[in-house]
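Note that subunit A is present in both complexes that follow, paired respectively with subunit B and with subunit C.
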Partner chain A sequence: MSGADPDGDPETETAEVPGDEEPDDSEEPSAVIRPEWRSDLLLVAKVVLATYVGFFVVGVLSGAGVNATVGTIQSITFFGAIFALGALALNLHWGYTGMFNIGIAGFMAIGAYTLSIAVASPDGSPAGFGLPIPVGIVLGTIAAGLAGLVLVIPTLRVRADYFAIVTLGFSEIVRLSVQSRSLREIGDTAYGTGGGQGIRATPVDSVVGWLFDQPIVGDVGGVLIVLGETVGIASSVLERGIYTLVLILFVVAFYVLLTRIAHSPFGRVLKAIREDELAAKSLGKRTDRAKIAAFALGCALMGLVGTLWMGSRTHISPDNFMPLITFYVFVALIVGGAGSNTGSVIGGFAFAAFIFEGPRFVRTMVRANLGTDFPRTAHGAFAELGAGDPSALIGYVLYQQADEVRYIVLGVVLIVLMIKRPDGLLGHRKEIAAGVDLSRRGPVADGGRPAVGSDDRAGTESETDDPAATNGGDRDE
Partner chain B sequence: MSDLERGPDAGAGRSEGDADDRADRAVEDAVLEVEALEKRFGGIVAVDGASFAVERGSITGLIGPNGAGKSTTFNCIAGVHRPNGGRVVFDGEEITGEEPHQVANRGLVRTFQIARELPEMTVLENMMLAPKGQRGESLWRSVLPYFREEVLDQERELRERAWETLEFFEIDHLAEEYAKNLSGGQRKLLELARALQTDPEMLMLDEPMAGVNPTLEKKLLEHVHQLREQGYSFLIVEHDMDVIMNNCERVIVMHQGAVLDEGAPAEIKSNEQVIEAYLGGEV
Partner chain C sequence: MGVGNTGKGVSELADEVRERLSSPSGQELFALLIVLGIVVLALDLVRRLATGEMAFGRLWRYTWNGLVDSLYIALAAIGLSMTYSILRFANFSHGDLVTTGAFSGWAVAWLIGGWGVYGVGELVLFSPTAAGPTGGELGMSVLASPVAILVGLVAAALLTIGVALAIDRLVYRRMRDASGISLLIASVGVALALRYIIGVFWTVESHSATASAPILEEIPAWLPFERLNLHELTLVATAVGLIVGLHLLLQYTKLGKAMRAMADNKDLALITGIPTERVIFATWSIGAGLAGVAGYLIVLDRGQFSINIGWFLLLLIFAAVILGGIGSIYGALVGSLVIGLTINVSLVWIPADLNEIAAFTLMILILIVKPDGLLGGVETA
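Moving on to the complex of A and B:
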């Protein structure tokens, strides 16, 4: 793949400066960002590391304990990976193609249910097919992709807002269907969705157990667990951490796949559809076909995320797939910046750390410092406040209502973001939809005006990038 | 400027002799024929049996008062609307009722009355979108390792073409700008440049001079003439009578959904009916 940035200059720093809207020449070289793996990776690493250090320091200083803190960090990473995966898949739909899909939970449900039915024990109730987990994951992905295909073909011509309603409706149909009694056990067979009770199946994170059985990996894992226990980290936290590593591999795979799409003629057509579908059609682009392909692929990826997330539980039920999940993924993408894959990853992580897990972490700290003896109702909390004990109200809000605090944080973050950075953290970057760097070209033969700012760049990058070296040849054709 | 002489590769090889002895010939070699075209919206008949032809390699003007059905005719030809009756023949093949992308892929490309640049894409991205037959427009080929190399090779070729065309239109200094930051006139230029990237046979321009300042208008017209010399055919809808009369070989006048008259600008000018239709007289 082209576009590796060898000098790894901190261009992302420049991109971080808010308000670089003005189209000045001075801005231009840094405003155009190619898939620069190194600097983007560095940015992600910085954000992750800063978050880890922040949580660790706060956790240890506040007396929450090493185990609880590391557990929180593990959780953040797990959900960070999950929301990054979801945001990446959604970015293909919404960020690139402009398809307003608010049925993400439905596609996740299809993936997760297909997985569960495939891998559940044949003796269970409802029965499964007892297939190996990897097969179940592949089936779940395919099933969600097919569902996307079936949904998108009749709705191609539906306007964006109606399309949103269709997808939301679809996700609710999926949820209510798997919940319905009539599909609990289909016909006279033992197979079914289990209705409201859901399905019990081997969780996909049992892959960790399998990993521990392998020669070298198992030994390393064993050593890690012993080390962890000496500093007070429970082995269960570490085992979950290993499954999280598997998820991170999936994030990398998603990122590579979607970035390739973004920097290709196919991605360009998708972007054009987002901007103006009629204009794209009038240039001879088969927009229908591109939309179908992009939607089905995105849905398949959402199904895969569903299998990786919900499949890590021993039991799935319709309640795991409330539309709220869709909303979370959207917020993750909005925080990161729609249209940017790197932004999707950072958004997913930031959402998981500060909005999703943050309030729970505060709850842990409150418990460590103030105990758990708090009033269960707002009335009780205010009564004690009246009696001169403010810690009761703090405890009530931050301990008893930690999950609800999440929504307050969510609202505040969204409002601040809309005012300060409507494009999200990285959404304002120019990520050019092309397979090669468009700003560079071969030597200008006719002495014509060179492109603005292309001179200095050609000088610094041509030696390190193969495409640049072949430019001269292209011109002769 | 040397840029101007070179022009885009597209169409350079076409016969240039055609253009010379056209003058007052009737339409012999029609690139586009419209026969008894009809389009109704509910109870309103927007196009009512319009018939005309466009000579290959000509600049043909399409004029008419507001509501004469010019834009609807355009949209029917380009596939945006499906006509209720009549035929559209392009390059000897019937294209009536085809989808916009099919029409465009046959080499009949249109621009819009209000420029439809792709605002959140750069000028270069706009240009790179247009070319036909891009291998990487298939999802799999854009992703899979082996095919990806082919795609990248093609991308390099297309990049050169994009830059050449931008230079021809003298907007190469805007190449890395978002299209939304361009002025109205620059957007019109971009739209024309982008349409050329599809390597068309014929271009249909819907009011290309609307909202364009006189200097840019002159430049746009220069480009149109140069491209005509390279063998492209043009059908232009325009309100500015001077532009039409001074630049078109043939003019088609529409009124109330039908063709009122067609012929050389001088003939049209002297047609009483046309004058009345434009001046709002009783016809």
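Moving on to the complex of A and C:
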């Protein structure tokens, strides 16, 4: 069961084959499938730029002000980077290996809590170990990876939907544990999770301050801040923006790492497991070991994302790790298309821009245009609507309930995607389990490659961006 | 058996035994550990009772609370189990049907309780302003206004059914042939959208809907209670009645037979001429109706509720369904009993804010050891 096509029935994929014949971008002379760094980078850049321009124009025209608009764009980039990181890590589980992990919040919590306990000052309450932040980040990453290892080994053979429930249960166990009063201070020691109040520790984004103290970087930063203030952008926005730049470096690192993995023999085993685990196993691949390694690595990356995201607050508490976080990342991945790293990055960014920050941006615009004097309850809103003032209802929904609107949009997007486009924006790019372009070589790939399943070969045609291959699409089969 | 036949036979047998003992599978090891754990806990319980460290009365109270909890978990779990076996996906929006029942049912109960005295908006939204009434002022208890409570109960079931059918038409019907995972993801979307649409109207704050529960002090001596909470009793009576009714429906009506057939083998049911869409309609109606009633009754028992009531319950419901074997309704009942007792009796050993962890851990362990559940995956029979 677990080997079944994760994105839906193979019929639709086969049916899409003729539709995908547009001979777009790159021309690949070699038969070996290689990552398409340049065209993918261009695609990401195009999406990001278009979004920036769109938000800037709408923001300035609607009178939200330059500072608020740039602030929103900064937030979009920050959360875009965070969700891209999360989606990339999840892509290793779900997109490549087909492991349905919805316990992301739990692994982030383990990473962030480990960081905070390691970094918090020894005489705080609860106390920490006062270690430097980089050490804390490494520890957090390792802890999350170990937790993933412990979870996955016994649950390897559990069916995909059961695995989903196990991971969700695990993330709730983590959250309830750190929330529990009995673990606030473990035993008689001063160390603990802080219970519902959480832990206070030096935030990870203090790296910005450290960067400003460095010779060249600091000077450039100082100039930027001065420039920003002349056009009316607050220095806090720019400082946050510099931390976002650090995050973007992590996105690049994740992307390179995961794309390397995806195109390695190990990555092909993972994709083979996704397509048909039994077939991969019967070809002599150690699927169990590959799954364990992939899961632990993905969890470690999720822990790292947790440290970079929640660790950038001065204070973390169990409420930061509600299961909703998991679904943010999941939607980001599904929007982009599971199985494609470029899709994960674009999905993370698009999710952050239009679903996560979108409603808040609308809220900013409403505040700039209609003020903040809106009824605080639905009762008041409908009462004023009855009295002939529709702006009260608009303000109530878009201003007072902006967070609820965000979740509704999130839910609706998820539903519509699953009905209309279960493969996501770049889902057609889902990489196959073969190391070579099967459509070029004909049906017989060179021996020993984990080329699996007949519907996989059907999928191959749709994956190929190669015009030559499309001409050869009428293979004798 | 024939151990003493030949020397060779014995040594082969010994080898076999040794092999089984020396390399038991991971699952067997886990199962052994769980059984050992349960035995140790049971012995410890006996010790505590014998040494007087824990009074019998406290254990009985935990057990009774466990039974009550297991009843509303069971009401919700039945629906989840049915959608699992007939529509073949893990419905993550089931918890939010519980929420829908709680909000819609109590809104109707308040509307009836305060009709003509307070404005409709104030009643339906549970007094959004300070001027509105409280549950106590409206007399929201089974003795003071039984009609309002009863109508609210029926409304909770009907409105939740309506919502579930609308969702089915809008979402799930378009995905009848999609894989279980696609449906699961869509159901997460439904859960979020539904919960926060409720949130837009009722806000995310916590509400208090009922008057304090009437207590019976005069109890016949043969009952093991000192006092009886009438709201709790209403919950128990309603839930038991509905469960018995469902049992009769499944076993003795044509619809029940069709549902069991479809749970068993969808394609075969189709060929046999069972109207699948009608069975799906019945599945949603029964499942959502029971979920709505569960939400309504939880609020009757607890008084306080917010839009997260169903979501927080969802994992417990899943735990119950998994324990009983996904798709088996009677299994879901057994699973609910185990989960209800676990979250309460575990209080003997662990603090109250860790009891759900015990339930979730149990769920994960069962999934690892016996993925088919305690009753061995008998589907809806």
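Here is the rule we use: the second predicted complex is superposed on the first by the 393 of 477 C-alpha atoms of A that agree within 3 Å, B and C clash if a C-alpha of one lies under 4 Å from a C-alpha of the other, contacts with A are read in each partner's own complex, and residues count from 1 in each chain.
Throughout what follows, a contact is a pair of C-beta atoms (placed from the backbone, for glycine too) under 8 Å apart; a residue touches a chain by one contact, two chains touch by 3 or more.
These numbers come from a predicted model, not from an experiment.
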Have a look at where A:436 lands relative to subunit B and subunit C in the superposition and call it first, second, both or neither.
-> first
Regarding the shared-chain residue A:75, is it in contact with subunit B (first), subunit C (second), both, or neither?
-> neither
Which of the two partners, first being subunit B and second being subunit C, lies in contact with A:177: first, second, both, or neither?
-> second
Now for A:202: first (subunit B), second (subunit C), both, or neither, which partner does it touch?
-> neither
Which partner does A:91 contact after superposing on A: first (subunit B), second (subunit C), both, neither?
-> neither
Which partner does A:307 reach: the first (subunit B), the second (subunit C), both, or neither?
-> neither
Where on subunit A is subunit C touching in the complex?
-> 4-9, 100, 154-155, 158-162, 164-166, 168-170, 172-173, 176-177, 179-182, 324, 327, 330, 334, 377-380, 382-383, 397, 401, 404-405, 407-408, 410-415, 418-419, 422
The residues of subunit C that touch subunit A in their complex are 26, 30, 89-90, 121-122, 125, 128-129, 171, 174-175, 177-186, 188-197, 199-204, 315, 318-319, 322, 326, 350-351, 353-354, 356-357, 360-361, 363-364, 367-368, 371
Subunit B residues within the subunit A interface of the complex | 2-3, 6, 78, 80, 99-102, 104-105, 109-110, 112, 116-122, 124-125, 128-130, 132, 134-139, 141-143, 148, 151-152, 154-157, 159-160, 162-163, 167, 172-173, 175-178, 181, 194-195, 198
Which residues, counting only subunit A, touch subunit B once they are in their complex?
-> 1-2, 23, 28, 32, 257, 260-261, 264-269, 271-272, 274-276, 278-287, 290, 293-294, 297, 430, 432-436, 438-439, 441-442, 446-449, 451-453, 467, 470-471, 474-475, 477
